[in-house]
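In the two complexes below, chain A is the common chain; its partner is chain B in one and chain C in the other.
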Partner chain A sequence: MNRVLGDKRAILVLLGPALLVYSLVMLAPMLWSLGYTMFSGSVITGFSWAGTKNFSTLLHDPAARAALVFTLKYAVVVTVGQVAVGYLLSLLYVFFLRRASGLIRTLVFFPVVLPTVAVALLFQKFFEFAPQTGPVNSLLEALGMHGVDWFGSAGTAFVVIAVMDIWRSMGFYAVLLYAGLVDIPEEVLESARIDGASGTRLVRSIVLPLSLPVLVSSIIFSINGTLKVFDSIYALTGGGPGSGSTPLTLLMYRTSFFYGDYGYGATIAFGLTLLSLVVTLFIFRANRRDVTEA
Partner chain B sequence: MISMHKRHRLVAVGVAGALTLALSACSSGSTSSSASGGSGKTAANLNFLGINENKTIAATLTTLSKNECKAENAAQPLKISNQAQGTLDQQLQLLAGQGALPQLFIAANAPSLTQQLATQGSVQDVSSALDKLGVSGDVLPAATSVIKNLYNGKDLVLPTELNIEGIWYNKKILSDNGIQVPTTWSELVAAFAKLKAAGVQPISQAGKGGDGWGVTRWVGDYIARDLGPTALQDVRDGKAKLTDAPYVAAANAIADLGKQGYFGPSPTSIDYTTALNTFLTGKAAFIYMGSWAVSDFTSATENKIGADNIGFMHFPTVDGGKGTADQMPANVGTAVAISAKDFASDTATQAWVSCIVKNYGTVALRDSGQVTGFTVGSGVTVSPLSKLVQDEIAKTTTSILWFEAYFSAKATTTSQNDGGLLASGQLSGADFMSQVQADLGS
Partner chain C sequence: MTTTTVATRRGPAPARTHRSTRRHLRRIPLYILVTLLLVVMVYPLVWILLGSFKTQDEFLNNPTWALPHSFFNVSNYGDAWSSIALYLRNSVLAVFPALALVIVLGTAAGYALEVMVFRGRSRVLMVFLAGIMIPGQMILLPLFTVYFKLHLNSTLWPLIITYTATGLPLTVFMMATYFRSIPREVFEASTLDGASAIRSFWSIGFPMMRSAVFTIALVQFFFLWNDLLIALTFTTQDDLRTVQVGLLNFTGQFGTVDYGPTFAAICINMLLVLGLYIFMNQRVMRGLSAGAVKG
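Coming up: the complex of A and B.
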């Protein structure tokens, strides 16, 4: 084996095709997109050199700032929601349901496999205010409260988006974290119990530290997914009302393909890439420090 | 072993070659998209890109393909695909970028985009095409004039619609509540107040996403009535800004209607079809709409209040305003553009266009009650509502365009997406205008 991997030709033959495909389908478009940030215009109007104009626009664009704030708010709320609910579910699977968790796990996982657009339509109807009153508002009215125009203002639309995306993906994180929890040796838990730890104490001192690596992976998965959210919001609110629930991705899409400004769209994409990179590095760093301290 | 170096070099050359090929393929895709001419081959189908919101054009073309244009259809069968109106502009940009526009397609929502496509060479100049085919006489001069007004002097679309716009009302609701047809803005607002107090939704208008154009039409017309018919051209020409006080006052007038709840509960949840349905099932008294909706008004399945129960009024005058009620919002609505590349080289497509121009006006009026910018053959009996539209068009001497007609795609999207918020009273006139003005970029 050593001889094979020591041979440069072998490495080239083994890695070459994959590297070539990767370069063509990933690196080339990425560099291409980076190049666009220096231009303005579209394939229809033609491109003209813009230098750093797109970047200065990005810094002063109120729409971009609003989209950034929305993206961060969404990422934090939904990541915390997804991972926390997922973790609670996984604890439920391991410590309460145990062997019987199969059916529940399947049911909770089910929304993950549903198409996003179908889920969005479901939630649109669920939270509908007009022309028909949806089940949620009917319930509120039955309880003597006023119905809420959920999609009528940015604040309440955000609540629906967050609830939908947490519901949609909690099953995935529950299964991911479940895999981490079942890896905790039974003897460790047993000895902790003998030492008198139980309930929250057991979770805090034994389960949480031992499942930390998979928890961190979940957070990284989740935060990168949520920073790049597009389909669920596009299908549920279309970024509305007005532009009240527009994340950076949707702004980028609109800028490039609706407004025909590929350069500025690519600049927004670049900003989003930097954001994802910084957040990921930050989480990795924080995590590494924790591990060495422990 | 002598071949080792050679093989090394071969692999390197191969990799470099593949990369170069791939990159050059990419670059040719984006730089030479305005491919000229063609090989003179006839396309297998006549592809038409329609929109979900407009069924009349597809239905009329289908009828033509079975009757008047049977021969043309045999040579090049009609193939229709549909797109949501909200994403049409994006689709057109993508298709144009790839040089893959269908022969016929609905012109972009933003007229500025159709002009860009024409400048780039993707959209056929209609006047020259019709001259070439010898069918110029089949398009009404009034339609050509509206089109040129819209596209900065260029004739870029086939007038598959010639619309007037205004406020349609439910006669029964008005008489039940003792309301005379309003002629001034203050009378109209008083009528709204009376209806609201009586528990009737005064206006049905869509405000969901891009369907908010129904609301911004009110803003545009108010501006025209208050500041005169050229007020929006002044904005285009940089002589005025939407953030100037008189323009903001117009937006505030509409925002006030929203604050009073005259647009019904949650206009941001209502799409075009729902808004039309609300009016046609007698749940609202007024709707601002173009005459393209006459086909819905005359449809027994959609209209539950009866066609003779629907009245039409001009957008009312504003007290002390420079505009008059006879200045009619008119446009060619959903119009069809022709792909320049295909038209130039494809004789079957040319024959189709010629047949459409000659027969579309008659079939659309006969079957759908749609008034178009084409001449109409004799002996077509029309519904009273279509007759009303024809008469109004004939009477029109000054036409005005809609609020976003001169806007960029970006400002159009912002304006129409914010329309719903204006109607729900969540956005002030000043904020609305400053957002749209910011996207106009001047």
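Coming up: the complex of A and C.
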């Protein structure tokens, strides 16, 4: 039997193609990309040796610093927003809507599967200032305030980006965290209620600690996505105004394909990979220590 | 209303009615909150749908929340469709072959890594897993170089190949997890009956995984269909654009000038997904969150 299930030829036939495609199209390019960090130029202009120049540029480039700051700001705000709103929603589902939550859960989840480009264009029109006054500015005007040119400055553009990405994905985190909350045994909640815990106290002392593992994996998942944000910002603001909303991914894209500098582009991509690795490990570690202390 | 009529007829009821009214009163902020939530989620979508029936004149002269004059004004859709149709075709031609490859290769690899016995299989699984972490930007430049050198840039092959590879890590990992839940005895029995390893994969493993395969296909479909980065990088010609890249370009062309067709194009892109979601929403939600927890 083990002779059959350990058949080398069968393993090769089953595993070989996937491993081959994966190695050729993902692993090899990754290593190749690391090699690019020591060159400058592009496939069209040809490459020349650059040594560690790209790395020293990365450390002193004001555009890279601005992009790093934007990436971190976006990642922190949107991760906290997604997970916090998602958690509130999941509490709403479990403790207030209970059985009736199915329809609302499905509805709030829907934007998750919508094409990012479509949602971004929708928000562009929704927050429009001129020539058509979009619903948001119309509402502001109806309330006696002035309309805002949302995409006219980096600060307000950031607000729209954050609102859009939280709107788009809160339903996802709500469902993820909902699954964690449903797993909390009813007896635990019941005995806490008998002991007199209710409302916020119940959430803080019982529900929150017990759903911490799901919460942490949500945060890790979310921060990994937000550090790599590209689609939504590219489609919504294109990184503008100027380069006021340009994250590292977009800077990498521009450097490589608009300015034809593959070497520096690859260096930025490498920096980004390192950043998400470090952040993930950091959250992982911080969380593990908490658990052992408790 | 009905509770009051019941209350007048029965003796002990008033107290109960009183309590339940109070309970309902206490829950009013909550109802408002839920209503607000629904408005925030649904209104943008309804607004864009209503807009797709409006004429340019209505866009510029009527308030933005006004209903369209006529729901039978589908000329916007005609305008949008004439350019979106090609993009849709490209998306279909790039996504579905890649999807089929991802499923077949990924399921076979998941089976090999979980059911078959050989040294180093957990290490191979880890190698696949590492692919989930790699940002797309890390592989774009070398791939672009290769596709350029091979003159594949004027075809859809770069998209099919790249989509297949980027879809594999999650698929392999999820399939391995699903195969773990099937008792080993099933495969051992089939080998005792004389089936080869590949035969028991095709005749036993794959059919048993039908539901899981369908879920993963659905999840991967959304990832690939909604992709922007890869399509943007590897399609350099207008007639090769996928629907997402095409839509971005579309607003560049009509954008501020012509609202109706833009709104209609956004709606076409959304309605397709909506159609799929209406029938499969439970499966989609389960599949996507399973992929997240494990990823």
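Convention: the second predicted complex is superposed on the first by the 272 of 294 C-alpha atoms of A that agree within 3 Å, B and C clash if a C-alpha of one lies under 4 Å from a C-alpha of the other, contacts with A are read in each partner's own complex, and residues count from 1 in each chain.
By our rule, contacts are C-beta pairs under 8 Å (C-beta built on N, C-alpha and C of every residue); 3 or more make two chains touch, one makes a residue touch a chain.
Worth saying up front: this structure is predicted, and the values here are computed from it rather than measured.
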Partner chain in contact with A:Phe257 - chain B first, chain C second, else both or neither: both
Winner by number of chain A residues touched, once chain B and chain C are compared: C
Touched partner set for A:Ala269, first chain B, second chain C, both or neither: second
Contacts of A:Trp32 with chain B and chain C, given as first, second, both or neither: both
Partner chain in contact with A:Ala118 - chain B first, chain C second, else both or neither: second
Contacts of A:Ser243 with chain B and chain C, given as first, second, both or neither: first
Chain B versus chain C as contact partner of A:Phe282, first or second or both or neither: neither
Chain B versus chain C as contact partner of A:Val43, first or second or both or neither: both
First, second, both or neither for A:Ser153, with chain B first and chain C second: first
Where chain A meets both chain C and chain B, residue numbers: 24, 28, 32, 43-44, 131, 257
Chain B-facing residues of chain A, complex: 9, 12, 16, 20, 23-24, 28, 32, 42-46, 62, 128-131, 149, 151-153, 238-243, 254-255, 257-261
Complex interface listing, chain C residues touching chain A: 27, 30, 33-34, 37-38, 40-45, 47-48, 51, 59-60, 63-65, 101, 105-106, 108-109, 111-113, 115-118, 124, 127-128, 131, 133-146, 148-149, 161-162, 164-166, 168-169, 172, 187-188, 191-192, 195-198, 201, 222, 225-229, 232-233, 243-245, 247-248, 251, 256, 259, 262-263, 266, 269-270, 273-274, 276-277, 281-282, 284-285, 288-289, 292-293, 295
Parts of chain A lying in touch with chain C, wherever the complex brings them together: 1-2, 4-8, 10-11, 13-15, 17-19, 21-22, 24-30, 32-33, 36, 43-44, 89, 92, 96-97, 104-118, 121-126, 131-135, 138, 167, 171-172, 175-176, 179, 214, 217-218, 221, 224, 228, 230-231, 234-235, 249, 252-253, 256-257, 262, 265-266, 268-270, 272-273, 276-277, 280
Complex contacts: residues of chain B adjacent to chain A: 4, 7-8, 11, 15, 18-19, 22-23, 26, 30, 33, 86, 89-90, 93-94, 96-97, 113, 116-117, 119-120, 122, 208-209, 264-266, 268-270, 274, 278, 408-410, 413-414, 417-418, 420-421, 424, 426-427, 438
